[in-house]
Amino acid sequence: MAKRLLCYYSPMSTTTSEHSLSEHAVSERPAPERKEPAYLFTEKQVAEKSEIARRFLETRARLNANVDKANNFLVKRFYNLDHTIYLEGTLPAKTKELMGLVASACLRCDDCISYHAIHAYRLGATRAEQEESLNVALVIGGSIMIPHLRRAYELLEELYG
Amino acid sequence: MAKRLLCYYSPMSTTTSEHSLSEHAVSERPAPERKEPAYLFTEKQVAEKSEIARRFLETRARLNANVDKANNFLVKRFYNLDHTIYLEGTLPAKTKELMGLVASACLRCDDCISYHAIHAYRLGATRAEQEESLNVALVIGGSIMIPHLRRAYELLEELYG
Amino acid sequence: MAKRLLCYYSPMSTTTSEHSLSEHAVSERPAPERKEPAYLFTEKQVAEKSEIARRFLETRARLNANVDKANNFLVKRFYNLDHTIYLEGTLPAKTKELMGLVASACLRCDDCISYHAIHAYRLGATRAEQEESLNVALVIGGSIMIPHLRRAYELLEELYG
Amino acid sequence: MAKRLLCYYSPMSTTTSEHSLSEHAVSERPAPERKEPAYLFTEKQVAEKSEIARRFLETRARLNANVDKANNFLVKRFYNLDHTIYLEGTLPAKTKELMGLVASACLRCDDCISYHAIHAYRLGATRAEQEESLNVALVIGGSIMIPHLRRAYELLEELYG
Amino acid sequence: MAKRLLCYYSPMSTTTSEHSLSEHAVSERPAPERKEPAYLFTEKQVAEKSEIARRFLETRARLNANVDKANNFLVKRFYNLDHTIYLEGTLPAKTKELMGLVASACLRCDDCISYHAIHAYRLGATRAEQEESLNVALVIGGSIMIPHLRRAYELLEELYG
Amino acid sequence: MAKRLLCYYSPMSTTTSEHSLSEHAVSERPAPERKEPAYLFTEKQVAEKSEIARRFLETRARLNANVDKANNFLVKRFYNLDHTIYLEGTLPAKTKELMGLVASACLRCDDCISYHAIHAYRLGATRAEQEESLNVALVIGGSIMIPHLRRAYELLEELYG
């Protein structure tokens, strides 16, 4: 599905704008094989396991339905890009979800932390891997992220406890 | 050109992923008419007017050529999105470049400030408009952005002085 | 009213401090004509239209009353500066509220997003203008601001839906 | 207690890694005398005075118990470092809690603001000192931190009102 | 001088805007006594001691002269506010410069770090006090600020070495 | 070596402070086996391959020598923690360097990007893995990090070109 997306995706139109790269080289390197990751658990299973996850996923679904309804062209393209980057590719999807967790913790976004922790869990990440990822973020991001760490551990406890 | 891009752009593939929105509504609202803005000045003219701009544009072009050569699929898509957002659309391109200036100043990125100040200039923004945009950023972002403000004023002086 | 403020505002006293600029030039350029914008809707009307806006405005008013009571000199001066920057001036008040929206979204502050979205609405910004502003922020600020985007769209839905 | 910790703390092991400094000089300068600050109020007394503080301290204690249970080695070391830095030392503990308040406000973390405001209060900081610290943060961090300022004043009102 | 400024400063005009606080209470609490701090060293003396400081101060003076020339009303008011906050007041000027150092390091602004480290030095801060302030910032802000710490230590070495 | 450090590391002293966790559970879970990663290339080899890397490593070594000389107790402990987190452990060292790269790019720190890109290279990361990591950061962090991306690609070109 995602692969098909890539095939259909139009070559970046030639443009004189400074914002975009020249496009001549597009054909040089084929887009890497990307595919949907194989989740070990459905969102529903996660929601049954963790009340925190359930509330997060439900709120997210409700709000996304509203964004969806607005049907904003750019938002859809951005969401699509966001979807693509976490597919199986040069790096395993699980590794990229854990990277997303590190970045989310450093940038101190609770929703993003929940999102990536849940997806890493669905892809088989162990609790130790999640904690180690959060540790990388803690050292890089400092004590200012400790309140987020505390909330993340509450989620981990529900998912793995 | 950009419009053609929109036509060719594949409808977001249906996907089960949480990253993307459902796509059913895509046809509801047509993508807004977008077109390349009409610049009053070429980059070359800007570079002749301002030594700071010249150095920035040259370094940027040299480094972008290198990124271009790498031909990374995701980077190209992101650059393309970045290009699209600043086109004439619901809001005038000039307004969006000034918005980019405000955001760049708040986020404290010198290169981004130079980029948007130069583009706003090319689109006919007055010095007073640039200063007022920087003032919005100064109040929102605080004194931590003053070093960037100082450097921005040096560029404005060369462009408008 | 605001104009009167400017008239009464004392010329910055001469000072030897490194923090302030020299003042000799103060008279060179008159302070730009600034005036209160003409709102299309009162806060009360906004609160009647949107439950999210109502809760935000009420909490804000209650907390501001408390700050007001403290009567801190510096806070009052800062609030005053903050007030001044969004007045009609070189740039229209509506444009500056949308700039405030972009910056608030990039800096990921829900309260600030609500504040500027409400004010832009009160000044006649269309939903498409608000969405386009959020798009500028999305591209500049990245997926880390998507949770804020989702909440912003919920507010937009109530205001314009 | 903290002092004993320092004595027991192993000299940084010699290592070839780029991450750590060479260790030869460790003995040159003795670790500064550090000791637990003398609090004027217990957490319990603070919680009785302020409902906001009570809720913050209880949530924090509950979540920390969970982190504690996880017994993550790196987290414990980081918490320990975090504990050490706020001890009485070259700078008074109260000053450092106020510094923590400034940084927390600039970095816009409500929990961290509450934490440091409460500790500064427990160490005898006056309300005027807390407000002045928040003012430093306001000027440095800009209007984006005003929502946090408002909430901080609500806490200050309960603690000192 | 600064005190005179406060006297001349117009009471915030009554305004209906949401940006400003109501003004009724202005007379309740007199503005705190503020005065210029007594510097132990002139900027010239600092520049003679440290090549890094000399270059920073010269560049800053040159760029500020340019900002000064632009004579932007809002910038002048912000600079003035920024000047006022670091005066002797409820907290000693030296403490506030060290707070500025902590915030600058957490927000990772080299120029701001240099500025506050130089001013703390001019006000008699010891090297140990500067290092301890940087330590607070290091724990709060994490390893991402280590490159700035390294550069700060180079300046400290020149100032105190 | 690092393992020895862990053995010598004192159990966190019991403390009444709110900053630290209670320590009772320390013995429950043994500290994970951690060891120095096996680098494929020495820093010297990297420096010979890339002029950008050489300048970065030399400046870093020179400035670190200065920090080292200061022999600040807390800095040494933080550096040590920073060293420990990137050792081989629950997650491979290479993965954690790539995580460091993602976080550094999102937090927009050129020196940190160079550091982690160089270390990932020394641990055998391919160029495609580095690019994919930067892509995760680009989508999360947005266009504001493009200037850093450009400079990162220049380094990658020298290392892998």
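We call the chains A, B, C, D, E and F, going by the order they appear; numbering starts again at 1 in every chain.
Note that in this section a contact is a pair of C-beta atoms (placed from the backbone, for glycine too) under 8 Å apart; a residue touches a chain by one contact, two chains touch by 3 or more.
Note that the structure is a prediction, hence the values are computed from the model and not measured.
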Which chains sit in contact with both members of the pair subunit B and subunit C? A, D, E, F
If you tally contacting C-beta pairs, which comes out ahead, C-E or B-D? Let me know. C-E
Nearest whole angstrom, what separates the Cα centre of subunit A from the Cα centre of subunit E? 40
Here the gap between subunit A and subunit C, centre to centre from mean Cα coordinates and rounded to Å, is 32
Report, in whole Å, the distance between the mean C-alpha point of subunit D and the mean C-alpha point of subunit E. 23
Give me the residues of subunit F that touch two or more other chains. 32, 64, 67, 69, 72, 74-75, 78-79, 81-82, 85-86, 103-104, 106-107, 112, 131-132, 135, 138-141, 143-144
As the complex stands, subunit B meets subunit D at residues 106, 138-145
In the complex, subunit C residues that touch subunit E: 1-2, 4-6, 8-10, 12-23, 25-26, 28-29, 31-32, 36, 43, 60, 64, 67-69, 71-86, 115, 119
List of subunit D residues in touch with subunit C within their complex: 108, 131-132, 135, 138-139, 143-144, 146-147, 149-151, 153-154, 156-157
Per the touch rule above, subunit B residues touching subunit C in the complex are 32, 81-82, 85-86, 89-91, 95-96, 98-100, 102-104, 106-107, 112, 126, 128-129, 131-133, 135-137, 139-141
For subunit B, which residues count as touching subunit F in their complex? 60, 63-64, 66-67, 69-70, 72, 74-75, 78-79, 82, 103-104, 107, 109, 111-112
